[in-house]
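First chain A sits with chain B, and in the next complex the same chain sits with chain C.
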Partner chain A sequence: MTTADPALTRPRVLVTGGLTAVRHHPLIAVLAAMVLAFQLSTGSFLNPANLRGIATDAATLAIVAVPLALLVISGYLDLSVGSTLALGGLVAGWLAGHGQSPVVAVLGALAAGAAVGAVNGALCCYFGLSAFIVTLGMLTAVRGLAQQLFPLPLSGFGPGFAWLGGSRIAGIAAPVVIAAVVLAAGALFLALTPAGRHVFAIGVNREAAHLSGISVRRTPFALFVVTGVAAALAGAIKASVLDSVVAGTSGAGFELTVLTAVLVGGVALTGGSGSILGVLLGVLFLGGLQNGLTLLNVPTFWQQMAQGTALVAGAALAYFAPRAAR
Partner chain B sequence: MTPPPYASSRRGFLALSAATALAAAGCSAPQNTAASAKPSVSGGTRLTRIGLDYPFTQLPLYSTLLKLSTTRAKQHGISLLTTSDNANADTQASNLNTWVARKVPAIVSFPMVFEAAEPIAKAALDAGLIWVTYGGSLQHQSADIQFSFREGGTLLGEAAARWAEEHLGGKGKVAFLTDSTIELGRERTKGMIDAFTKLAPGVDVVAQEQAIDPDTGLSKAKAILAKHSDLNIVLGVTDAAAYGGFKALQQAGRAKDDGKTFVGGQDGSAPSLLAIKQGTFYRASAALAPEDIAAAIVDVPRAVAAGKSDASAQVPIALVQRADTARIDDLLAQNDPGAS
Partner chain C sequence: MTAPGLSIRGLTKSFGGVRALDGVDLTVPMGQVHALLGHNGAGKSTLIKCLGGAYPPDAGTIEVGGVSYARLSPRESIAAGVAIIFQTLSVVDALTVAENIFLGQEWTRYGRIDRRAQEEVAAGLLERVAAKCSPRDRVGELPMAQRQLVEIAKALSRSASVLVLDEPTAALSGTEADALAERVEDLRTQGLAIVYVTHLLSEVERLADEVTVLRDGRVAHHAPMAGRTRRELVESITGGPLESTPRRARGLGRGHAPPGGEGPTAEAPDRPPGRERLAAPLGGEGSSAGAVDRPSGRECPPAAHGGDGSTADAADRPPGRERPPAPPRLTVHGLRGPGFGPVGLTVAEGERVGLYGLIGSGRTRILETLYGRRPASAGTVRVGDRTVTPARPAEALAAGIALVPADRRAQALFPSLSAQDNALLPSVRPLARYGVRALGAERRVFDAVATAVGLRPARPGLPAGAFSGGNQQKLVLGRWTNEARHVDVLLLDEPTQGVDVGARQEIHRVVSSLAAERGTAVLFASSDPEEIVALADRCLIVAGGQVVGELSGAGLTEQALLSAVHDTVPAEGAA
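After this line comes the complex of A and B, so read on.
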């Protein structure tokens, strides 16, 4: 019997593993090509300061994309995250501006987000209403509430609150660290916990999951709450980074951006499939694309065309490539 | 108790930034008065109701204008009606048609699509109502409330160019945060860039990026700074976008009062005014006064009703810099009418 030399087999395993990963997540190849193209054409895309900027911008997107992806995998949807983000930022900013500690300010935001998520979850999971309709309604209602409560912009939250968006942990921006924790938690939840497997089961076939003894209401309800909390946390981070927040415009359109990241990352809108790695790739793809087009000084309308085209191409690749690889 | 700094009213980050195209200056339509208006002592008619149709309710300026114009209207015994257009031209048309059918005696409308508002304005005039166009002119109207959007950009561009000559010896790098999606934005952008490049030809224009909100301003400015870390000047089509640039520069390590950096915007939004007042490198804003606008919203239709021949108003715009402390305080107070 012959034994292969580990030193020779390790690179082969890595290459094979890498190819498998690309087959399952073709967005890796797209992302790599995009990075290469932007670096060659701008010369500054891979500049550490630029990468830090992309990571910080993408952090808030990732924080919301992870729980939203879990929700979509379980067969639901939350379109209210843009307004929840605004409400979270406003509550945190208002509390910080009134002299509350940053911790209290963030907890206040999280409570507001949890409340929105609980309403969404109760109506969708326990009353059986359409998640699309409920969260679309909440998108408008929460925005209206935010504008009613805070009709004027808030700013000047103080140095304590600035820590959330501006500090560094081991040299890494705090929002990026928070996003990394959320990504890791999401991946571990899906891969290692029974509840994570239940998310897939509910998304594939709710009736069958119910008959298998899975709580088809409690898990999605919890995901709605977590999504609301994550959106509010992202709002608090944005308020901290900008040291200001406006009720009418903060987070406007964010729900579509985050949903795009989730779908481009290969999460099926019909539920039942998806991965956190895919979500991460979707987030990086969107962030990198936006940044690269800015570096290239591409005129506005061309940027919009390029973004739209790239998103459709990325989503098509994410959809067709795994099927072709089977 | 002195209100905390953040609590003072904030002029909209995107104030007026969503304004629609300015129609070519047209002839004034016959100045009709509403059937429901009452005879006044002066011989004209006295208004009892004014409908304010401002479609961009998401802007903080809307809240400010609503408070100020309601107060002013009350002083004249007028009740102010409002629409909820949700920044949607179809909804706006529907709401305006309802008002015309209900014979609201005077309508002040900020049309999202001027061409779409033209037949509604004509119907209003035919019904004997007063129609005041906000932010532009229509062929059919009783009067209008105008703003010089280009002048705001020009004032900012000139101030930044003068600063570049004095502090950078006419050299350096500038990035413009622009808007090319609506006429208002294009006017402001053109005024800003033309004035700056004419007066400071030695300063390199390293970027012109679309940005009207702070989030976009922040991420665009970060990307520009990654390529041009020695960027000196950021000028914004709105204060909101410029404020994002201001934050990006600070996050890149620029001291708040760096002597070689200039950020400026347009609108006179509260966070920007506070930054100017604090002596940071956010140095200028081309600002409109909400009280002037609110006054025009009430006074222009009143003047039409009173039979005044030239009732239209031009709302002035002025550059605000650090030395203008009293003006900044006044604008901040106007932005938070509830606090005063």
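After this line comes the complex of A and C, so read on.
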């Protein structure tokens, strides 16, 4: 993360500081090149309206990417977030559609997300099962549960609930404000709390963390719960923006997009390293990529190929860049 | 003399300025067993690793089967006919015996592995080493002794001419060790050149044709075994009674005082047990009394050879230490757990107690159980007058017990995290205010602990993995010795394993000053007698999961430690 150093105001230092940032996060350079390329080819990529669109799209991604990144840093993984997102949207929409206040609707969604996260966390952290297997199973199971509970599409949630996705706070869309809060909270958590240090320690060497007296179960368990809550919140926001949710398709494939953003952002799948700045860059990169390709009328399957290629290229970059830097 | 199977000449290897091997010669003719003795850190492992191709030597030659090499790659080493059986075996548990023997050199027929042919040949090899397993058994299901034989059979399948056994009986029971000795005798008859690394003198007496003792990377002693006594060997391992442990050796009281040393023997008993060495750590500035007692005290060679140890001893003894023994800080009664017990011991306030025993004797289990890493099945543990039965490390820490584990990489270090994170990890929460890290205080505490342990370089942001082994260990030690933690009882398991001489002294100094200044009770396990003598006030001998003896004061010498353990045959099933 950057530090507030007064010396950085001097231009030369700014340049070297910028170069250091790029060396630590090569994605900054890639992101800049992508923005330039899209602006030159579309002419409208940098329009305020389009940027707002990117920000709103990227917001739900960021809200889930931050806790997921923390989970990955601590050596775990959650593949169930796409289905949890759907469940959260359905619960919130159903409650709002049945006359509950938007606050109750959102709280209901968050509770559902917390429940899914608690099941994941209990099985992975306390029973020691593989996070990959547990959350892969939950991906399917929660989707099935959502379809069982809400077999019909839900829509028409009322103006109160629409506030969540549609209102503006100081001219900025509410989801973007929420995402900014989540990003800031994630960064502060990692940098300024003891538990933030513990997350890294657990991810690097779980046994050594245990022998250092760190609660190697409770912290990741909490992260699973927070990830579930965040996915459900993202689902409620999506339901509010679209004013409809369909159990079978909402959030399908979201888990892979958000995981891609986290990994492109430089979080190591093996745990122990990553930053929230990297996650932000990864989210902006994926959001911008989708948006720009859509502006260029690139067919969806080409977009998917681009997204996949970005992940592999990012992994290669992360693998080779540290060696070159030495 | 028959043709040499293995001939090493002038082998030299340094690690960052420390000479691990310094012009070592070793010749093993075919059909002979050559015992290699020496302390931990004497250079045995480095020698073996150069032979196996893990390290390139800086100078010298290795001649195997008449071909001379300046350096070997692991592949060349195997091709030349060298087979090394390490303590941690390299067999694959999930594969069968035959598959293990032919791993990497599978016999194929029409592109498929020819299982039947492999199993037939494997059966023949297993017969040669008198293994009691079938080629189709899964290695993971075999007892340790059989796995070892599988590994030896694998070596024979590669037509090895030089066989190196690295403490092969450490993990075996008494009868298994006997059986292995018979196999080694067979293999000698079959004409192999065998290098046998061990700490057990009884094995040397039984098996060895010749003996080489390494000390500080040099050959300290080399002779045919015939006619050697145990005492001569022990003396050459430890550097003899006159060379490095002048005063203590005289107090040995085993009827072989060196020439010219009657006077001091009489003086020894009225010295308070093991207290004199506290003089050095107290002030942290190696006084002469400290240096005399420190065989590793290379920083102060004049004092070590000054010969006026007893006078300095009396003069520098801190008066405060004359008072009756301090109250017990750690009290353990009837502690039992899987593979050890019952164990009872006490460590007084400010006392440093060593646990000495061979690998597999139960030292580590005792320490890990006290720390709550392993469950205790019975017994009580008291810190001060509070009874604690830690079920988790976090509970042990809450009770004031901390552990520095033996396996730094696996159990203690966070290589990719910064030095500050490594040294302060358990202190971040106690230092935090209202749940927010106190970054300024953290840096201050780090700087203080880095100075206290002599961390080099003292850079908080450098990843721990970039430090030398010794400095990594200082970081781990700093975890429990920084001012933000209060530790009543410090447990250390092999505190200086894989650590260079300089760092080793600093680690000893830090531990000693912790005991002297804060009254921390120190309980440490070591397989190195030199370290026990240098650091402990008192030493408990551990064998077969029990405390079988105790040495303290003038009786605590390297010779006494070595005899205590070497005369102990591993108890049946203790492994």
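We take it that the second predicted complex is superposed on the first by the 299 of 326 C-alpha atoms of A that agree within 3 Å, B and C clash if a C-alpha of one lies under 4 Å from a C-alpha of the other, contacts with A are read in each partner's own complex, and residues count from 1 in each chain.
By our rule, a contact is a pair of C-beta atoms (placed from the backbone, for glycine too) under 8 Å apart; a residue touches a chain by one contact, two chains touch by 3 or more.
Small disclaimer: the values here were computed from a predicted structure and weren't measured.
Asks: Let's test your reading of the overlay: on chain A, do chain B and chain C clash or fit side by side?
Replies: Fit.
Asks: Any idea whether chain B or chain C touches more of chain A?
Replies: B
Asks: Put simply, what angle do chain B and chain C open at chain A, by C-alpha centres, to the nearest 10°?
Replies: An angle of 130 degrees, rounded.
Asks: Identify the partner contact of A:200: answer first if only chain B is touched, second if only chain C is, both if each is, neither if none is.
Replies: Touch partner of A:200: chain C, not chain B.
Asks: Determine, under the contact definition given at the top, whether A:168 touches first (chain B), second (chain C), both, or neither.
Replies: After superposition on chain A, A:168 lies in contact with neither partner.
Asks: Can A:192 be said to touch chain B (first), chain C (second), both, or neither?
Replies: After superposing on A, A:192 lies in contact with chain C but is clear of chain B.
Asks: Least CA distance chain B-chain C after superposition, rounded to whole Å?
Replies: In the combined three-chain model, chain B comes within 31 Å of chain C at the C-alpha level.
Asks: Following superposition on chain A, which residues of chain A contact chain B and also contact chain C?
Replies: Common to the two interfaces on chain A: nothing.
Asks: Within the complex, which stretch of chain C touches chain A?
Replies: 371, 373, 393-394, 396-398, 403, 405, 410-417, 421, 425-426, 428-429, 432, 435-437, 439, 479
Asks: Under the definition above, what is the set of chain B residues touching chain A in their complex?
Replies: Chain B reaches chain A through residues 4-7, 9-10, 12-14, 57-60, 62-64, 178, 180-181, 207-210, 213-215, 218-220, 222-227, 229, 240, 243-244, 247, 251-252, 269-271, 274, 335-336.
Asks: State the interface residues of chain A toward chain B in the complex, per the touch definition above.
Replies: Its residues touching chain B are 42, 44, 47, 49-50, 53, 56-57, 93, 97-99, 143, 147, 151-157, 166, 238, 241-244, 246-250, 252, 290-291, 294-295, 297, 300-301, 303.
Asks: How about chain A: which of its residues touch chain C in the complex?
Replies: By the definition above, chain A touches chain C via 191-194, 196-198, 200-201, 204-205, 207-215, 272-273.
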